[in-house]
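In what follows, chain A forms one complex with chain B and a second complex with chain C.
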Partner chain A sequence: MSTKRIVATAVVTAGVLALSACGNAGPGGAGSDEFTDGKLVLAVLNDQSGVYKDLSGPNSVKAVEMAVADFQERHGDDAVVEDVEVTFADHQNKPDVANTKAQELYDRESADIILDVPTSSAALAVATQAAEKEKLYFNIGAATTELTNAQCNKYTFHWAYDTYQLANATGTAVTEGGATDWQIIYPDYAFGQDMDKSFTAAIEAAGGTVGDHIATPFPNDNFSTFLTRAASAEPDVIGTMQAGGDLINLVKQYNEGGYVDQGIELAVGLMFITDIHSLGVEAFNGVNFAEAWYWNFDDENRAWADRFMEETGTRPSFAHAANYSAATQYLEAVQAEGTDDADTIVGHLEGKEIDDVFLKNGKIRAEDHRVIHDVYLARVKTADEVTEEWDYEEILATIPAEEAFKPVEDSTCSFG
Partner chain B sequence: MSSPTSTSDATGTGAALAGTGGFLGRSRRGWLLVGLGLVLALALPWFVYPPVAMDIACWALFAVALDLLLGYAGLLSFGHAAFWGGSAYVAGLAAIEWGLPFPLAALLGAVFAMALAWPVGVLSVRRSGIYFAMVTLAFAQMLFFVVNQWRGLTGGENGLQGVPAHFFGVEAVEDQAFYFYYAALPIIVAGMWFAWRVVHSPFGRVLVATRDNPARARALGYDVERYRVLVFVLSAGLAGLAGGIFAISHGFVSLQEVAWQTSGKVVLITVLGGIGTLWGGIAGAVVIVLLEDFLASSGFDGIGIITGAVFIVVVLLFRRGVWGTLSDLLGRRTGRSHAVERSISAGDGEEPTA
Partner chain C sequence: MNEILQYTLQGLAAGSFYALAALGLAIIFGVLGVVNFAHGACYMLGAVVAAVLQDLLGLNFWLALLVVPVVMFVFGVVIERLLVSRLIALDPLYNFLLTFGLTLLLVDLVKRQYGVSGLPYTRPDLLTGQITLGALRLPTYQVFVLAFSLLVCAAVWLLMTRTRIGMIVRASTEKSELTRALGVDVNRWVTPVFGFGIALAGLAGVLAAPFRAITADMGSSFIIILFAVVVIGGLGSIVGAVVAGFIVGLVEAFGQAYAPALSQIAIFVLMALVILVRPAGLFGREENA
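What follows is the complex of A and B.
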């Protein structure tokens, strides 16, 4: 065969292939107005394998499945849609993966809503996709306030917590509790700087003072010099904005330094019950922190936590409860409106006041889609106070929904 | 980077298979492979989810760019994320601030990557082997920290969100990943052609000589360091081109792009595909990107374990990577590879005709 003929064959093959493909396939079309494909699809996009696996991960999917089962039990034959599916994907805390997976979930798996999405950069990437595809997105796992400020959009709701709320809850409550003289240690990057600012504002509003703002490298292992410096001013409390592995190192060094005996408390900006579980209560003795929800807070929470325990063999974190709540409220909205059309559901939810297992005195703010609810100041129990596994927290104070979150007047959000 | 002989074998066979007599080569096999490759590239978004197809194309060009440096100059850069990510940020900013069409934005990113690579290259090519890898890693980490701290410009850890894909007002391309792929593919292919051209130029021959025997190359009057800096800059430029398109196709740029894990991933892809085969990067990108995409929805929680295991198996069993092994098998059947190999390792500039 001559070269020319081979080339010709190749070109023709390519052409035929391209043309034939045009006929039957094509890029995925956008969703229709009724129930897409006659079913409802709830997608959980989160970290199934990395640092947030325990905080949300596979058990968030379980929580959403529980919400679906409860919904079907509640409405039985009256349910406006029979076929409700739960799907999930692992974003590995990588924004690139989250971005691609979000598109895929909306387009290919015809997801009507994406839930969870921890890690701020990934959360913001998914918000962009939600706006573009005009599909719903309830964020639970991410802390960035950008979701309800500069980067907000009509289809994105922020369900559980954010950096402002964390700083505000801990800063205000601890200061009002009598510890007015603060030193703040924060990691020198976007999250730490934001937290430092929010904390300072909250402390000063509550009548406290912040001495030094001590910036540390990130990531970092050795915090002893920073702690010594903070303690030398003899404050009532040291506030730390470290998270994850850095936090664990800092707390260990705080304990070794014997600062508790000098009467210096430790307040933590961002901490989860899973951190306590992995390190043990001894490591966090007496630490104060903000909690969005606690499983052993009241009977309602406890009853749900018992059911969750049956399903998963573990106690729920706030993220699991929030996923359950978000999925439930979405399903109820669909039931009330009889459609999965995103704009209708947004209209239904805006301004709605909700009380459920997660949202106490909850309300979905129409202006910025921040979901507000009561949050708590918690203290880690000492080892002899712990009566059962996961019984790690004592709730010191409840911060009412209206005071817990950033005031709506201060939000820079506008739905264009 | 084991023995120089095995690398040079791979070079020979890879080059032979990729079509040896000019880009649209005189050889039959060259024609066939180029045709087949293009058909597959064109057909890809029909079989693979289009954004994933775009990822494959971008990572493939990135790996080809790295192989230019690793396979042909024998320099293992562990800091190529700086060029991929640096370009991603420049391209993203250009698209946001000035509304540049994406090919121009990506090109601007590539120019930035080359400008960045020049001083880095001048300083790092004085060392080779592990020291070169460490120096490049150090520079990449510097860029990482600058990007992380310069929040006003880069958005810090939140990343640069909402990068628009402008394309001269063609809405299908701007809105749909499927058409975007076809708009971006020519740029990717052009980048690969450029890499191929570099390897098969007199410059490329000298490069191989500086890799195999720098002392001899120097004795022949070639300025080894200059050649290395130049290939470093060219490689950075191609990596930047890929990074720019990647950023715009995703609509945002994150710290992930300049993180060391990205440098690691592209080395993994290149090694998996086959060092010194140039096109091995394409095979590696297909395998890794598809594998990661599949695992992300599979419910299996040990993605690193799988990709790591694949890597170990390939390194232990297929020393020349996917592409190297395949082309070696094919070459053995036709008995061509040895002739080519010898002619190349002997420094013979003439292409053998099949």
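What follows is the complex of A and C.
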């Protein structure tokens, strides 16, 4: 290589370096070197139009926007970052779409964190992207325990609930309440199979037995025959792992069949307050279920739910409150550390104990990033107990954070 | 033994929905030659309209059985006049695509307006509970659905075979040109027949309201089974649609009871077998095939 070319290369390189340095300093100094692009971007990736639209959807975006507004009000001029944006995308509950959208959000929209992501298969796809891009991901909407077990990673946190916690609450409580002989009806896909296994383990640990495990097509609108088959074994209780519209079909047909009068209870694996709202309390006959958070539990929850009502015209599901909590804790971590660097934030959050509107006695486990907190066993109120709209639940018992989730020593997670 | 009787009733009750809706589909196909893909969406609309009218005006189930089909009839007439009639001279594929597009539109409009979680619906007190026959307990509502739909099917059959209107409709179905040549104004009957078919889908929707989840998506899987029903019964055959509706309901119920994993497939295996043995369907005429 001639001297002339070496000099030319050196000059060009120096020029590029100088220019990029200029870019970093930026005219007007928009933010410091601690923040990429001089701003913070929170992205909500969830179902904006399909079956989970009501329980998460656009109102989860609203909840995150509320968290940002509160953060800005709390810290005012002292906030380490002025420019905080909230963006969102629709993953249509499809893992391939979730995968592409997550890439777009991290790369093109320079999202610092992705929130929510219901539907287990989609949730796991986003976890892979978070690990690859080394960007943060707080999952709220999905139930799979895989996120904090075999498929865990350093940048993924699981904030609200999971199948173990649901089974542990409902399966154990109902069995210990005397209904020991179970039949389980579950939809034949990943979530349903996972729920069936988790429930069976919890029921057997509590001294109960499960007769048949009846797999049903998904989606399905006719459950009469499955119910007759389950009832023919004369169990104490039928456990349904159906969700959304399928759950509503099944509950309506359970009522038609008059199984309550035959002494066969119904236990529901996963239910959101939006399900109760759409079917009406009468249909549920005081069924017991696991709840991760309830808007009318105490004054703190209620005050927040009132503000949510002003913003959205509806009451929050636990997923909405959890989105608010996750966004708030992320923003506070950024404020404390003065940076949006993902590794620093992970270090700040690991092992942290938190009490906020959603997390009661909350703690972020450093070992597997499972966020544990108090959860509840709830009962659907009867029609004459309901005093106002959305006042559908009575909290029967609080399950302390330490007992509610899978013990950390049983987790197969390793961040390697 | 008890269980077998219960499965039979459940199958016939499920079949009632298929029979009523397929009857509408068959009549529309017979007279207009249109395969109405929007039939599932019309079934959904029937249920949604019933729920919305109950919420807004307190319209009870019994009145809904009368009012909703009338609303759906008017809706069908408007759709036929505004859209379907413009494409009727073209290849049938055009109307198939039109009604497919209409389905997407209706489903998304309902989602936009009422969300996705489903609408609540209060059952009439008279139809709650069970009828007990010895050791057998039959849900009152299922017995009612079966009886009611048999009644409607019988009424439609009488209308088609015993009245002048029915005679004209049947004549236009089978020999459209010849009927015209005999001085009957076939076109006059096209619009009301389309509306009538849509009204039957709406009626099936009202019957589903107390018994199934009322969501924008409730018609999506329904329409697929409905096509299987119509193919098994024979395209355009009125008796065939009803009989095949009940057969498919029974296949579904016994499939779910004894081979759950195969219950959906069984319906389509049956359809394939029928096409192999009788390409025009159980009650179809070879010349229509």
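By definition in this document, the second predicted complex is superposed on the first by the 383 of 416 C-alpha atoms of A that agree within 3 Å, B and C clash if a C-alpha of one lies under 4 Å from a C-alpha of the other, contacts with A are read in each partner's own complex, and residues count from 1 in each chain.
The definition used in the following text is that a contact is a pair of C-beta atoms (placed from the backbone, for glycine too) under 8 Å apart; a residue touches a chain by one contact, two chains touch by 3 or more.
This is a predicted model, so every value here is computed, not measured.
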For A:Gly244, using the defined touch cut-off, is the partner it touches chain B, chain C, both, or neither? Pick first, second, both or neither. second
Go through the superposed model and pick first if A:Gly280 touches only chain B, second if only chain C, both, or neither. second
Could you look at A:Ser232 and tell me whether it touches chain B, chain C, both or neither (first, second, both, neither)? second
Touch test for A:Thr382: chain B only (first), chain C only (second), both, or neither? neither
Taking the superposition as given, does A:Lys53 touch the first partner, chain B, the second, chain C, both, or neither? both
With both complexes overlaid on chain A, does A:Gln92 touch chain B (first), chain C (second), both or neither? first
Is A:Lys101 touching the first partner chain B, the second partner chain C, both, or neither of them? first
Taking the superposition on A as described, I'd like to know which of chain B and chain C A:Gln253 touches: first, second, both or neither. second
Would you please give the residues of chain A that touch chain B in one complex and also touch chain C in the other complex? 49, 53, 188
Which residues of chain C touch chain A in their complex? 3, 6-7, 10-11, 13-14, 108, 111, 115-120, 122, 128-130, 137, 139-142, 210-213, 215, 217-218, 221-222, 252-254, 256-257, 260-261, 263-264
Residue ranges of chain A touching chain B (in the complex, touch as defined): 1, 3, 6-7, 10-11, 13-14, 17-18, 21, 25-27, 48-49, 53, 57-58, 88-92, 94-97, 99-101, 103-104, 107-108, 120-121, 124-125, 127-129, 132, 144, 146, 151, 188-191, 193
Residue set of chain A touching chain C in the complex reads 49-55, 188, 214-217, 219-222, 224-226, 228-229, 232, 244-246, 248-249, 252-253, 255-258, 261-262, 274-275, 277-280, 282
For the chain B and chain A complex, residues of the former touching the latter: 26, 28, 31-32, 35-36, 38-39, 42-43, 46, 49-52, 55, 148-149, 151, 155-159, 161-162, 176-179, 250-252, 254-257, 292-293, 295-297, 299, 301-304
